[in-house]
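Look for chain A in each of the two complexes below; its partner is chain B in the first and chain C in the second.
The block that comes next holds the complex of A and B.
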């Protein structure tokens, strides 16, 4: 089977600095900067723009041949000065690339040197993250960037008394999902520090005039206070050294709750329970009602979708959380595939326990492998990003688009999957997909379903 | 109004006054400026990608391959191997111990699985650093697998897209002359520099067919390895666009003595002119060819002109901005906009040459801003300052235009609508018309403030 191919065909992942750049986008006044040759930054921008339909400026140190030989430090420094002059950012988030990691550029050292060389200037904060793509995916880059910001800023303001702010490390969710999540906390009357907060920066209103850096995002000052928050909630799986939540717990005793991204009933329940455990607050009636509506809809829809087989693919956290939700609806996940690595089999097994048999789990995989598996297992529907369209078309399996990137549909930045609301909207899509198939397959073309 | 141009870029931007201006160009992108440029690899990939029955293996870490998977609308009438994205997906141990073994194994398995007619192996930045001997691996695999396995020296940092074009031409040139040039008409051409976006090469082939001209090889849109191997049998090369394949034409001229003509299929004037020079070239062999060409142009024009005239009435006096990859395309676009009654107030390219910018300065109206290797900030400033109604560019420029309330037409490699040929001119006019006349601009804050500024100008002035 394709799992032991040497080469990768149609990757189901993106590269590390792209994840880092996206995460840096969620900080107020921040400018992502890729230390490498020009191509990487341009390609990533194009990729990001096609999904979000937003300007996505990412600066690059534009290394040429001589820099690759003699080191990229001079260009990096020049680049920082130029970005500072042109964009006047509060922070520059610098990610390395395969190239600069291999030639041995040390970002921390170069930026420290830079800051002392130009100590007389009013310079932005410089955050660096080491992101060679040969050892990770975009999701690792994202998490590492968040962690490096926390390491850099948290605790840099004096710790006043703890307050009731909750740190949220949402991981890679859509801007609409981030808005939805902050709404949940607002309903409890809580203050949050969401890092990164891409809800406005990657989904901004029309402009009246040119804006250098999109408005919104969490400010460096807010991040600097993260160590005195009441608790942290982080979503997803973190390899060693990736979790900002654990860093705060280890260094500042801020209790960290590691949860599944809140997709579906159980994961949303877990989120609300965690909030209530942290704060001692009661559940707002709104969520009781929303949950009730979700159950009602699950019941209304169950006969259309029970036993339907699903293929789920995308980044590792998306896959696990989506499998969790599907189990609850009666849809049977039969293939769960990701280009990333995150101890998937064990976690998916645990999640399916009591609901359905564990699907075929493909880790560190590509779309070619997924296609071979899908041709064999014949799922009824697929859930994932646009890159699965080729398989969907070839094998005639309807595709429900969610995750990143959405390059062949409109509104990828507005897809919601989290909370009871997100679950409801996903459920509608799934049931309607099943109904569409039913309607198309019967010659009568029933008008009532 | 002061424009935000970085100091070091000052001479890469000029405003046309008398048509003798020059723009400084062909520089490395400035560190820290958000350049819209790509890399050498990107250039090679653009040119070779449409060869549909070849295997395209990207030797490097995953990103370079992931971001270029099926992003261009280069159509094929047969095999579609080019639409898959193959990568050696290098990992840490390959970086430390070298990637040659992995490359070899990858080629072995992929050639066995897909049976391509040839394989192109692209090197990316990192390969240039870890020092894999691409040539050696390719030679070995050529022997073993009995198909041409061709290295493309496209390490990203070794220049800009243009160096990538050259690397691609060099790679293709190793194929040219290896096939049998039998049964080829003396009235025959190769089409160079058309990538069959949205099926454009089929439009051009159809015109040539009507003129009685045989097309030997498409280079590279809807391209086939075997055609390229025998394309030295053609009597003439037609080279389109900003020279992505110009180097190949030059190599073929030198080695096989095949002349070439530079053509453009964009806009009515350039399209017709291109067909006429082809007819002229062959008129000593085929006496009727010029008449056939005139007829063809006439029929085509009759079909599109009524609608274009209507569109022109509605667009008259509007202003356009152009920012494209190569400057040659910009020449045609300037003329195409005149056709629909619009003037171009800003024009620029990522990779134009000195000569290109001189030409642009000549053909544009006074006051037109001309830029080389621009960035979002600069482009936006000009858009606002010049009161642009529609922007022509690529996907990276689209959000800037939309955020600032400016209509947009995608004229890049990702386009899904054919813009070449006479039909293409009509499509182009429709595209512009479609975006410019939308009611959505009425709500746009940037447009509303423009209107306010204007009306206050009027009452104060």
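The block that comes next holds the complex of A and C.
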């Protein structure tokens, strides 16, 4: 893509149905289902599994040449029946693909037909999302799937009273981050409806008996009550029609707070302030202490990392939130790159304001372009997923792994970046990476830094 | 761990009936034909299995697509070529470095294995056609990398919108001066990756093999269907070179495009993965008169047996002597290396569900380790991979297979030169050395079970009802199996280990299997407070 190439060399994004499948995984008793060629489900499963090291079933309608010509509806219906029979899911989340979008299969129509044809059966909820792989990235697919679930379920429950629940649309964070976030709300004594909640479904304990679908996730009943929640908090940037929070605000007057993913001091402050604004609650002492510890560590660590140049890459929301955190540490983000499109330059400029100069922003980019920029600017460290390893090795820049996919290191699902705690953990990594370089480069043999 | 722990005494026929009864009637009927409880003797000889048929939608399958078989398996490992995925971003991304086929650059320093090159098709391209974008992508690949050759792989939407990738390839080959091969391997073709293998074989045969004539030493072979996962091909090559045999090209692990162009100059083809490459072996025999033999490089015994096939083929006393000497030395070393692990592995029961050949290839090494393969099956094999090649004439060609072209091949008037005379060839054929594959079930006797294209629920029932000591599969099943407390070995990517082929590989394999089965975590899996007797005993002591 460099120098105005039309080709993409080493993409920095995945396709839309991938994100949708991941988001559907965060609902209780849910089976993601890809309507297309069976290779899509197989490829995405192997990718998801190599990151999470967890089972990740995705069903497929296994379309063949005949269906590509005559339409995939019969296979989709058969597939839904078979999944229902064998897995007894509460929900099937169906995502389309480039194949089925090109031939014009209408998922909403097919599933409506299906439900009336088999009205006598006890069927799971069917949620559909249109995710043509040639449009957008995995992150768009994720957000569209969340929105489709809210559109489908919210308001469908007759519950009358609002309780102290807050809707959280966390975006693509690690299972450990989701656990950490829900802990923050628990500390305030609040209940949450986290959609999707992959904290257990994609990071489950070993089993003692047969489990059909991994336990955990937010139930359809909880989603159905989302319109009664006190407010919604969503993280990240949403294109038109992607935000579940906006949908609830427009249709059910649930106030929506659109925030940066809570990575770093300012973003976490903003999250806690939002919670306090919504509820009128006081800040728990625990967070006052945590924040204090983070400040303390930022002061202690600063001398090792100030002015270190960083390259950040990954999905668009990851990049913006990571840049926001780096600004606070004294590290100078010099390249911020994503394969997605999300008004990156403007947002990153705003975030850097008052802290550091705006880095080179590469939007709708690929690793080839990133490498050319990196060779020129020579960052001291890189933060992003495993796919940056090639550049890291070639240019000799240490890589701190975060985001998705991480398949050349262990424990990708357990990486925390959010809250004061996540910021501390990241800061330790960054400082120690800098110290390691310092230690290895010195000829004096420092053992006491 | 579970109460259902039963062991091998489970009646296999009733187990099959039971699992089948859980499917809707139509699915049950279909799946039943993919399961065979093996019988001994004549009854066993008349058994048949159904394979290479369409997967039931909604059943979670291990199978991939046509594109995966073509780009991912056969063409992707060729290291000095740039492989362009023509389509949306996903397919190229998900097949980017995921198969661990290794490549060392030759003198020209060209190695593009770590690249993922795609046209990243957008809405606009789907509506107005992607040919121009593809042409420009090929131009860019040629300019940036100057590769030995370029391949173009079609993904689902390409066939549907009618992009003529073959014409684009032809035009761009002319423009750039670099060979461009286009593969119509849209994901929806065929029933699994198997269709993609065939499409890849056809194109390699017509567009690459046979381009450069170059005389070769007397003992020159090709290895077909060896993908150099974890360095397998290098270990195999080491052994053959030690015997004084030149390995000209390996399809397609550690393969250079230029070596492929010369492959027809070899005297003998060895076929490792029968499923993915038998087409090429047959076509090369028809056109160039190069006989082929099915081999297996996994495990010392199979490796030695395969080497003896080469000795028989060349029928040269000197060579045979050298081969025997190498076998003796290498087998002894391998046995020494394996010995420390045998005690921990003896009598363990294994299940294998992988590939189109691997589920068979690994059976003999397990037997050498004192372990017992009890249930096995392939993901995407055909009937001949189970029952042996003699059933090929009886295989029904269905609509899905019909769409994959069968090339009509004739003997090359000038270059048809078999290295052995017809009489000797016939003799070797009768002895089962040449053009022969007996399939998996020659090695799976009465009381074993074969399951083709196993589904997730079937696998889970097997685990619960049989509690095997090890299951060999791929990454998609690995963590399901291990959640149940059963160790799982990935035989696609070797759990990032290897090589496993040849003599040195066998030692690595024994070490890794021992490590899996005897992992201390299994002893800790059951929490002590769940086991009252354990608690009482501890408290009373």
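Heads up, the rule we're going with is that the second predicted complex is superposed on the first by the 446 of 449 C-alpha atoms of A that agree within 3 Å, B and C clash if a C-alpha of one lies under 4 Å from a C-alpha of the other, contacts with A are read in each partner's own complex, and residues count from 1 in each chain.
As a working rule, contacts are C-beta pairs under 8 Å (C-beta built on N, C-alpha and C of every residue); 3 or more make two chains touch, one makes a residue touch a chain.
What you are looking at is a predicted structure, and each value in this text was computed from that prediction instead of being measured.
Quick one: chain B and chain C on chain A, clash or fit?
With chain A as the common anchor, chain B and chain C collide in the superposed model.
Does chain B (first) or chain C (second) touch A:313, or do both, or does neither?
Touch partners of A:313: none, neither chain B nor chain C.
Classify the contacts of A:237 with the two partner chains as first (chain B alone), second (chain C alone), both, or neither.
Once the two structures are laid over each other on A, A:237 reaches no partner at all.
Go through the superposed model and pick first if A:404 touches only chain B, second if only chain C, both, or neither.
neither
Does chain B (first) or chain C (second) touch A:50, or do both, or does neither?
It touches chain B and chain C both.
Contact-wise, after the overlay, does A:78 reach chain B, chain C, both or neither (first, second, both, neither)?
After superposition on chain A, A:78 lies in contact with both partners, chain B and chain C.
Could you say whether A:185 touches chain B, chain C, both of them, or neither, answering first, second, both or neither?
Neither partner.
Which parts of chain A are in contact with chain B and also with chain C?
On chain A, the residues that contact chain B in one structure and chain C in the other are 5-11, 13-15, 17-18, 33, 36-40, 42-47, 49-50, 53-55, 57-65, 67-68, 75-76, 78-83, 85-86, 97-99, 102-103, 132-135, 137, 204, 206-211, 339, 387, 390.
Which of the residues in chain C end up touching chain A in this complex?
Interface residues on the chain C side: 1-2, 22-24, 27, 54-68, 84, 87-96, 98, 114-123, 125-126, 133, 136-137, 140-141, 144, 155-157, 159-161, 186-193, 399-400, 403, 456-457, 460, 464, 474-476, 478-480, 482-485, 525-526, 530.
In the complex, go through chain B and note every residue touching chain A.
Chain B residues touching chain A: 4, 6, 28-42, 57, 60-71, 83-92, 94-95, 102, 105-106, 109-110, 125-126, 128-130, 156-160, 376-377, 380-381, 384, 395-396, 398-400, 402-405, 444-446, 449.
Taking the complex as given, what residues does chain A use to touch chain B?
5-11, 13-18, 33, 36-47, 49-50, 53-65, 67-68, 75-76, 78-83, 85-87, 97-99, 102-103, 132-135, 137, 204, 206-212, 339, 368, 387, 390
Write out the stretch or stretches of chain A touching chain C in their complex.
5-11, 13-15, 17-18, 33, 36-40, 42-47, 49-50, 53-55, 57-68, 75-76, 78-83, 85-86, 97-99, 102-103, 132-135, 137, 204, 206-211, 339, 387, 390
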